[in-house]
Amino acid sequence: MNELLNFLFENEVLIYLLLFTILLGFEVISKVPSVLHTPLMSGANAISGIVILGAIILIRTTESDNYITLILASTALFVGSINVFGGFFVTNRMLEMFNKKKRG
Amino acid sequence: MNFGFLKDSEARVSISPSTSEKFIKLGHKVSIERGAGLLSGFPDSDYEGVAFSSRKDLIRNCDILLSVNSSSYGDLSSYKGKILISNFSVEPDRNKIKKELEKHKIIAYDLSMIPRTTIAQSMDILSSMAGLSGYKSIIKAAELLPKIFPMTITAAGSIKPVKVVVLGAGVAGLQAIATAKRLGAIVEASDPRKAAKEEVLSLGAKFIDVEGAVEDSSAGGYAVKQSKEYLAKQKEEVSKRLIQADVVVTTAQVFGAKSPILIPKSIVDNMSPGSVIIDLASSTGGNCELTQDSEVIEHNGIKIVGNSYLSSELSHDASNLYSNNVYNFIDYIIKENKFIGDEDDILSSCKI
Amino acid sequence: MDKFLFLLSAFLLVWGLRLQSDPASASKGNKLASVGMITAIFSAVIMPLENSFSNLIWILAPLSLSGVIGYLIAKNIKMTSMPQMVSIFNGLGGLSAVLLSFAEINKWIIYPETYQLTVVIVLILSLFIGSVAFTGSLLAFAKLDGYRWSEKLSLPFQHIFNLILISVIVGLSYLFITSPDISLLYIIIILSFVYGIFFVAPIGGADMPVVISLLNSFTGITAALTGIIFGNIVMLLGGILVGAAGTILTVLMCNAMNRSLLNVIIGGFSSNNSSKKGKDQGEIKEVSDSDFAVQLFYSSKVIIIPGYGLAVAQAQKLCKEIQEILETNDVEIKYAIHPVAGRMPGHMNVLLAEADVDYSKLIELEQANEEFKSTDVAVIIGANDVVNPDAIDDSTSPLYGMPILKVWESTSTVVLKRSMSAGYAGVQNPLFFKKNNQMYFGDAKESLQRLSSELKNL
Amino acid sequence: MNFGFLKDSEARVSISPSTSEKFIKLGHKVSIERGAGLLSGFPDSDYEGVAFSSRKDLIRNCDILLSVNSSSYGDLSSYKGKILISNFSVEPDRNKIKKELEKHKIIAYDLSMIPRTTIAQSMDILSSMAGLSGYKSIIKAAELLPKIFPMTITAAGSIKPVKVVVLGAGVAGLQAIATAKRLGAIVEASDPRKAAKEEVLSLGAKFIDVEGAVEDSSAGGYAVKQSKEYLAKQKEEVSKRLIQADVVVTTAQVFGAKSPILIPKSIVDNMSPGSVIIDLASSTGGNCELTQDSEVIEHNGIKIVGNSYLSSELSHDASNLYSNNVYNFIDYIIKENKFIGDEDDILSSCKI
Amino acid sequence: MDKFLFLLSAFLLVWGLRLQSDPASASKGNKLASVGMITAIFSAVIMPLENSFSNLIWILAPLSLSGVIGYLIAKNIKMTSMPQMVSIFNGLGGLSAVLLSFAEINKWIIYPETYQLTVVIVLILSLFIGSVAFTGSLLAFAKLDGYRWSEKLSLPFQHIFNLILISVIVGLSYLFITSPDISLLYIIIILSFVYGIFFVAPIGGADMPVVISLLNSFTGITAALTGIIFGNIVMLLGGILVGAAGTILTVLMCNAMNRSLLNVIIGGFSSNNSSKKGKDQGEIKEVSDSDFAVQLFYSSKVIIIPGYGLAVAQAQKLCKEIQEILETNDVEIKYAIHPVAGRMPGHMNVLLAEADVDYSKLIELEQANEEFKSTDVAVIIGANDVVNPDAIDDSTSPLYGMPILKVWESTSTVVLKRSMSAGYAGVQNPLFFKKNNQMYFGDAKESLQRLSSELKNL
Amino acid sequence: MNELLNFLFENEVLIYLLLFTILLGFEVISKVPSVLHTPLMSGANAISGIVILGAIILIRTTESDNYITLILASTALFVGSINVFGGFFVTNRMLEMFNKKKRG
C-alpha cells in the first residue's frame, strides 16, 4: 500500500494528467446525438486498441530467441491491430452516411 | 345493365360526365334525361357515349332509374317492375311510400340509409351533402349578416369578430365550424355526443359543455333521442351564447324523429336585430321554433333561414359528389352484372 | 523525434474523438484518430529503446496481416451487422491485453527481481479486465446475432454467484503474487473468462449496445494499465481517454433508452420490457428523437400521412414547420390525404390549409400509393384506420375492402400517436408491428415539438 | 355647433350611437332624422342625449347637415347657407353640383376627397368602405358560385380549390384577396402599381406580373391612367387566368376617369358557366364590358354583379366606420368651435 | 494532504469554468471555481516548504483586506459598469504578476547562481506580459468609462512604432540577462507599460470587451509562467486553462461581432464602423441573437408591434411560434395593433389570424399606450411609421398628429427590419436612435427563425 | 536553447499535461451563448488571479527581515487577491440574473 502511495506522490504531474484526461474524455463526449452512439462506440473501441503499442515494445525488448514471448506478443499485436484497423474502417463506413448531406 | 338518370326537380343531377365514363367502363349502358346536368354546369355535350332521351323513353328503356331526390320520380305507377335508386329521406311518410312501391313491384334502394361505417363512407350521400350544406350555411349567413366575420382594427375604428354558435356538430356542423373559423369568427358549438367535443376542439373551436348526455354507440353514428332534463340543461347553457350570437347554425337531427327545438321563440326575441339563424334541420321540423321549411323569414330584424337542402345551391360540387356516391354504391352492389345478395349489410340496410 | 510524434498522436486521438461527437465532423474525426493511431504505432516502432532487439519481422508481419484482414472484414460486413462487428473487435482488443499481460507475468515469474510489486498487481488487473472484455464481448456478439443459446446462459442467483467468483479470483491472485505458480495463473485466466460470460449473460439482447460500450471502456482501462507497465504515456492517455469517454457514452446510451446503468447491468427482466406492449401481435419498436430526426434529415423523399390525431393535437403548424425545415435541406415532402381521414369530409384539408400548406403538396390516395415505393420515410401523424393493412389482408376486418394508404411500401414508416389504442373503427393496426415500422409515442404536438428541436440541432 | 344627420336613401347612416356620444362630449348638439339608423341595427332608442326630428325640422335647426351619400340630400335649394358634409363622389356630374352649391351659398365638404396620407387615413371614407366592399365581394361570389372555395378531399371524391382572380389590388382588392385566401381559394391578382406586387405577396397571394406600368407616385395613392400598350399586354396576361377563373373581382378605378375595361365580352364568352364576376368599379363604368351598374346579370350561365356600394350591405359595420370617419373629420376641422383655415391640406382638398 | 488539496482545487477550477459556459449552471460554476481558488490559497499557505519562514502576517493581512475591498466593490458597482470593473481587476492581476516577477528578478540579481537561465527568461517574459496586461487593462477601463482623452492616445504609424518598441524591449532584456543591472530592469518595465498602452490605444471603444478578454488570457499566461518559476502545478494549470479559455472566448466574442481578431487588434477604423449607419441622427445599437433571446426569455411582459414588414416577410407563423415559446416560459405576450399598420385596413388582423393568434392577445392603440410603461420589451416587427415619435414631437413631420404607439415607454425596444430605410410615409424614424432601442437587422422571417432557435437553446 | 530542449524532454509528462490543459480550456468554452461572454470573461479573470499563490510561496520562502521582497510580494498578494475576490463576487452578481428563472 505504501508503495502505491509513494508511486502516487512521485508522479504528481502524472496524476494531474490522468485527472485532466478523464475530464477531457467526459467533456469531449458529453453532448452526442444518439445516432452517433454506435459509430462513436466503434471509434472509441478502435482507439482502445492502443494496447498494441505495448505489444510492439515487448517484441522489441525481447531477445530474438525467446520464442514464447515473441509468439505471445506477436499474437497480441495481431489480434489487437485487427481491432484497430477493422475498427477504424468499420467506423468510417458507418460515418460515411453523414457525409451524404451538408448541414442545412 | 341499363341505367337511366332522371332530370331532377332541383339543380343537382345524379350523374356527372366523369362518373358516366366510369359506368360505361364497367360495361353498363347509360341514358340521361335531356338537360339533366345543365344547372350543375354539365351541359349534355359534356357527356360522352351516353344516350339522351325524354323521360318517357328513359323509363321504358332502362332497368334502373336514378335521381337525386325520390320526389323527382313523380307518379310511381309508371315505374312498374323497375329498380329505383335515390334519396328517399325526403318523403314525408315512409310507410306510405313503402306500400306504394310494393304495390307497383318496384325495388327501391334508399341511399340515405347507407350505414355510417368507415367502409361505406364513399357511398354515403348524407355525409357528402351535409358537408356541403355546412359550408354553405356559413356563406349564406355571411351574405345575410350586416357585419363582417373577422376582427378588424382600422383607422376608422375596430370591428369585433362575429360570434357563431353551431348546434349539432355532425358532418354539417363541423364543416360549418371550419368555415366560420376560416372567415375569422369566434365559434362555439354544442352536441350531446361525447366524441363531438373532441371533434369540435380538433377544429380549433370551443365546445359548450353540457353534462348528462345519453350516449348510444350502437346507433351507428346517428344521434339518439336525449332526455328531457338534458335538453333543458343544454338549452339553458346554450341560450346564453345564443343571445349574444350573430350567427347560429343548427343541424341537430335525431334519426327517425322530429328535430329537437333548440331555439325557442323567447331566445330569438332576445337576440340582436341583424342576426342570422340558419336551420339545416328544417325539413324535419327545424331546431328553431320559428323556422319555416324552405323559407327565409324575418323576425324582429332577425333572419331565419330554414333550408335542409343548401347543398343543392352548390349544384356543381354536389352533383359531382352525389354521382360518385351513386357510382361507388353501384360498383359495390353489382358484381359481374348481378346484384350481390341481400345478406350484405349495406345493401340490406338501404333496401326499402 | 519519437517523443514529439507521440505527443502529436495523443493530440490527434483526443481531437479525433472530439470531432466524432458531432455528425457534421464525425467522419473527419475518425480519420484524424486513425492517423493518430498510425503515428503512435510508427513512433513505437522507431523509438529508441535500451537493450532493444531488431525483431522487426515479428512486428511487421502481424501488423500488415491484420491490416488486410481488418479492411476486408470492414468492407464486406453488412451495415446491419455493425454492432456485432464492434463487439468482436472489442473482444480481440481485450484478448490482446490478456496475451500481453500474460507474457509480462511470464517474464516476471522468470526474473522476479526486475519488477516492482505495483507492476505485478497492475498486470493481474489488466489480465482480469482484458479477459472479461474478451469473453463478454464474444457473448454480446452471440446475443446480438441472435444465437438462441446465448440467451439461456444465465444461472439462478447469477449476481450472487458472480460475487463469489470475483472473490475467488481476488484470492487466487493474492496467492499467485505471494507464490508465483504458472498453473495458478491459468486458473485465474479461465475464471476471468467465465466471469466475463456471467457478467453479460443476464443482460437482455436489446441492451447489448450498452454492454459493448461498457466492455469497450474496460478495454480502454486495460490499455491504460498496460501503458503504465510499458511506461508509455500515449498508451496510458489513450486508454484513460477511451475509458472515460466509453463510460460517459454508456451512461448516455442508457439515458437514451430511459434506463439506468445499474438497471441494465442487473438486467434479466429488461428483455421482456421492450415487447411488453406488443401483446401477441409481435414486437413494436420505438424510435428515439434524434434517430427519427436524422432519418428524416438524410432522406430524399418523405410522405406525411395526417390523421384525426393531428387535428386533435392541433399540431398542424408544427407539421408545416417540420416540412419547411426538411425542405430547406432538400428533402421532398408530400402529404398523402386519405379521403376519410379525420372526422368530417375534408377535415385534413381544413387542417393543412390552416397551417398554410401549399395545395400542390397534397396528393390523393391513388397517387400516394404509387409514390410510396419511392419514399424513404412515411410519417403517419395521428392516423390509424386509414393506414391499416387489414383493409387489404384480413377479410374479417370491419375495414376490409376500403382503399387504404399502403405506407408500408416505403423504406420505413414512423407512426406518431399517444398509445397503442385503436382508431375510430376500433380495431388494432398490424402496421405498428411491421418490421420497417417504428413508433414515436406522445401527443402529436409535443412529439413534433421534440422532433423539430432535434432537427434544428442537426 | 349644431349637427344634423339625415336618414339616407340606403341602409347606412352617418352617425352611430357611440359617435353621437363623442360629438356630445365635444360640446356639439346632435339631431338625427327619425329611424335613420334602423337598417344598420341602431334603433333610435340606442342614441342618448340626441334630438330626433323630421327632416324639415332638422334642416331648419342645424348648421351642418351630414349624410352617407350626397344623393340623400334631395333638393339642394332647401339647404341654403348650410354646410353639407357627405360623399359627393356618387354625383354623376361634378361641375353641375358645384354650380348648384354655389348658387345656394352652400359650403360642402366631400369626404371622398380626403387625401390618402397616413395622417388622414382615419377620415378616409373611401378606404374604410372599400375594405368592407372587398370582403363582401368574395362573400357574394361564394353565395352565387355553385362550388365551394376550399380544396376538399373526401370519400365521395375530391373538390379542387376555386380560382379567384382579383383585378386592382387597392384597398378593396386586397381585402378581397385576403377573404378569398381565408376561404381556401387560389388567388391571383394584378395591378399596375409597383407597390401593389409586394402588397399582394404580403397577403400570401400570387401576383400576375405585367411589365411596363406607368408609375406616378405624385398621384397620392390613386392609380394613374396607363398607356394603351400596357393595357393590351396586361389584358393578354390576365386573360389566360380569367378564362380559367371561377370568381373574378374587379376594383380597377382611375381617379376622375372612366374605369378601364379589363374583361371584354370575348373573355366572358370563354369562361365556364357558373363562374361569377363581381365588378366593384361599376359606378364608373365597370371593368367588365358587360357589367350593368347596380344589377346582377347572367350571361351564358356566368353571373356578373355590378355593384360599387357593396359596403352598404354590411350596414352595421359600415355605419360604424363611416360615422367614425365623419367624427374624426369634424374633430380635425373644428377646433374650439371654429373651422380651421382653408389653408389646411385636408380641408382644402375636401372643399367643393 | 496539500497535494491532494491542490489536485482538488485544479479539478474545481476546471469544472467550475466548464459549468460557467451554460446559463443554467453558470452561477454554480462560479461558486465552484471560487471554492477551488480558496482551496488552492489554503493549500499554498499550509503546504510544507523547505527553508520556510513564518511570515503569516504578511500573507493574512493583504488577503483579508483585499477580500473585504473586493466584496465592497463588487456589491456597490452598478450592473452597467461591470465590464469596467472586470478590466480594472484584470489590470490588478497583471500588476500582481509584475510585482512578483520583479521581486524574483531582484533576488536573482543578488544570488545569480541559484537560478537557471530558463527561469530568468521566463521571469522577464512574465514581467513584460504582466505589464502589458496592467496598463492595457487600465486604458481599456478608461475607454469603456468614456474618458475622452483615452480615445486620442493613438499615434500615427502606431503599429510600426509598436514593433520598434517590442524590439527595443527584447534587446534590453538580452542586455539585462547578460549584464544584470537594476536600472535596465526599470527601463524594461516602463517600456512594457508604454507598450501596454499603445497596444490598446488604436482599438475602438466598442471593441474593448474583446480586448479585455485578450488581456485576461495574457494574465493567465503570466500566471502559468510564474507557476513554472514557483514550481506550483496548480498555478501552471490554472494559468494555462485561463489562457486557453480566454483565447477561445476572445475569438468567440469577435465572431459574435462578425469581426476577426486581427481586425480588432489592428483597430483604428473599427470605432467609426458601428456609427456608420446613423448619419447625423445619433448612433444605433445592434443586438445579437442570443442577447435578444435572453432579454425576451427573462422578461415578464413583452408587446409585439407587427407592421407591414411582417406581412412582406410572411413571418406570421414564426411570430406565433415565438409567442408560444415565451408563453410556456411565463412571459406575457400581447400584440399591439396600430389602426394603419400594414397596407390595407385590418391587414395585421388578417395576418395574425392566419397564424391563429388568439383574438384576446390583440390590443388596440389606446390600451397599448397604457401598457407600454409596464412592458419589459417592445418588439417591433417590420413596423415603422406607426411607432415614429415624430408624430408627437415634430410638427413638421408628415406624420405629425397621428396617434402613435409609444413603444419607447417600455423598458427597452427592439426593432426588426432589413435596413435603415424608411416606411410608407418616407421619413426617418428617431425611435431607432433612442438609448433604449436596439436594432435586429434582417428579413423578418430569417430574423425570427434565428431568434426562435436561439430561444430554444436557452 | 539547448537548455530549453532539455527542460522539455525532462518534463515529458508536463508537456502532455499542458497540451491537455489547453485542449480542456478550449473544449470547456467552445459553445458559449454570447450573453455569457461577459460573466465568463469575468470568471476566467478571477481564476487568472491564481498568480497570488506565487506571492504566498514567495512570502513564505523569504527571510523575515528581507522587507523589500516581503513588501513587494505582499503588495502583489494584495492587488492579486482583489482581482480574485472582487472577480468572483462581481461574476456572481452578474450570474444571479440567470437564476431568476428556471429553464422552460
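Here are a few things to note about the model shown:
The first chain written gets the first letter, and so on, giving A, B, C, D, E and F; residue counts start at 1 in each chain.
Keep in mind that, in the parts below, a contact is a pair of C-beta atoms (placed from the backbone, for glycine too) under 8 Å apart; a residue touches a chain by one contact, two chains touch by 3 or more.
Keep in mind that this is a model prediction, so the values were computed, not measured.
In terms of the stated touch criterion, the partners common to subunit E and subunit F are A, C, listed by label. Counting every residue number used by either copy at the subunit B-subunit D contact, over half are found in both chains.
Taking the CA centroid of subunit C as reference, the farthest chain centroid is that of D.
Spacing of subunit B relative to subunit E, judged by their CA centroids, is 68 angstrom.
Averaged C-alpha coordinates give centres for subunit D and subunit E that are 56 Å from one another.
For the pair subunit B and subunit D, the distance between mean C-alpha positions equals 37 Å.
Rounded to whole angstrom units, the spacing between the C-alpha centres of subunit C and subunit E is 42. The set of subunit F residues touching two or more other chains comprises 13, 16-17, 20-21, 23-24, 27-28. Counting partners per residue, subunit B has 121-122, 127-128, 131, 150, 152, 154-157, 159, 182, 184, 204 as the residues that reach two or more other chains.
Shown for subunit C are the residues in touch with two or more other chains, namely 14, 18, 233, 237, 339-340, 345-346, 350, 353-354, 356. Which chains touch which is summed up as A-C, A-E, A-F, B-C, B-D, B-E, C-D, C-E, C-F, D-E, E-F. Subunit C makes touch with subunit D in their complex at residues 337-340, 345-346, 348-350, 353, 356, 359, 362, 364.
Every residue of subunit A that touches subunit F in the complex is listed here, in rising order: 11, 13-14, 16-17, 20-21, 23-24, 27-28.
Subunit C contributes residues 308, 311-312, 314, 339-340, 342-347, 350, 353-354, 385, 398-402, 424-425 to its touches with subunit B in the complex.
Chain contact summary for the complex, subunit B toward subunit C: residues 117-119, 121-122, 127-128, 131, 134, 171, 174-175, 178, 182, 195, 198-199, 201-204. Against subunit F, the residues of subunit E that register as touching in their complex are 13-14, 16-18, 20-24, 26-27, 29-31, 33-34, 37, 40-41, 44-45, 49, 51-55, 58-59, 61-63, 65-67, 69-71, 73-75, 77, 79, 82-83, 85-86, 89-90, 92-93, 95-100, 102-104, 106-107, 116-118, 209, 212-213, 216-217, 219-220, 222-223, 226-227, 229-230, 232-249, 252-253, 256, 288-291, 294, 297-298, 325, 328-330, 454, 457-458.
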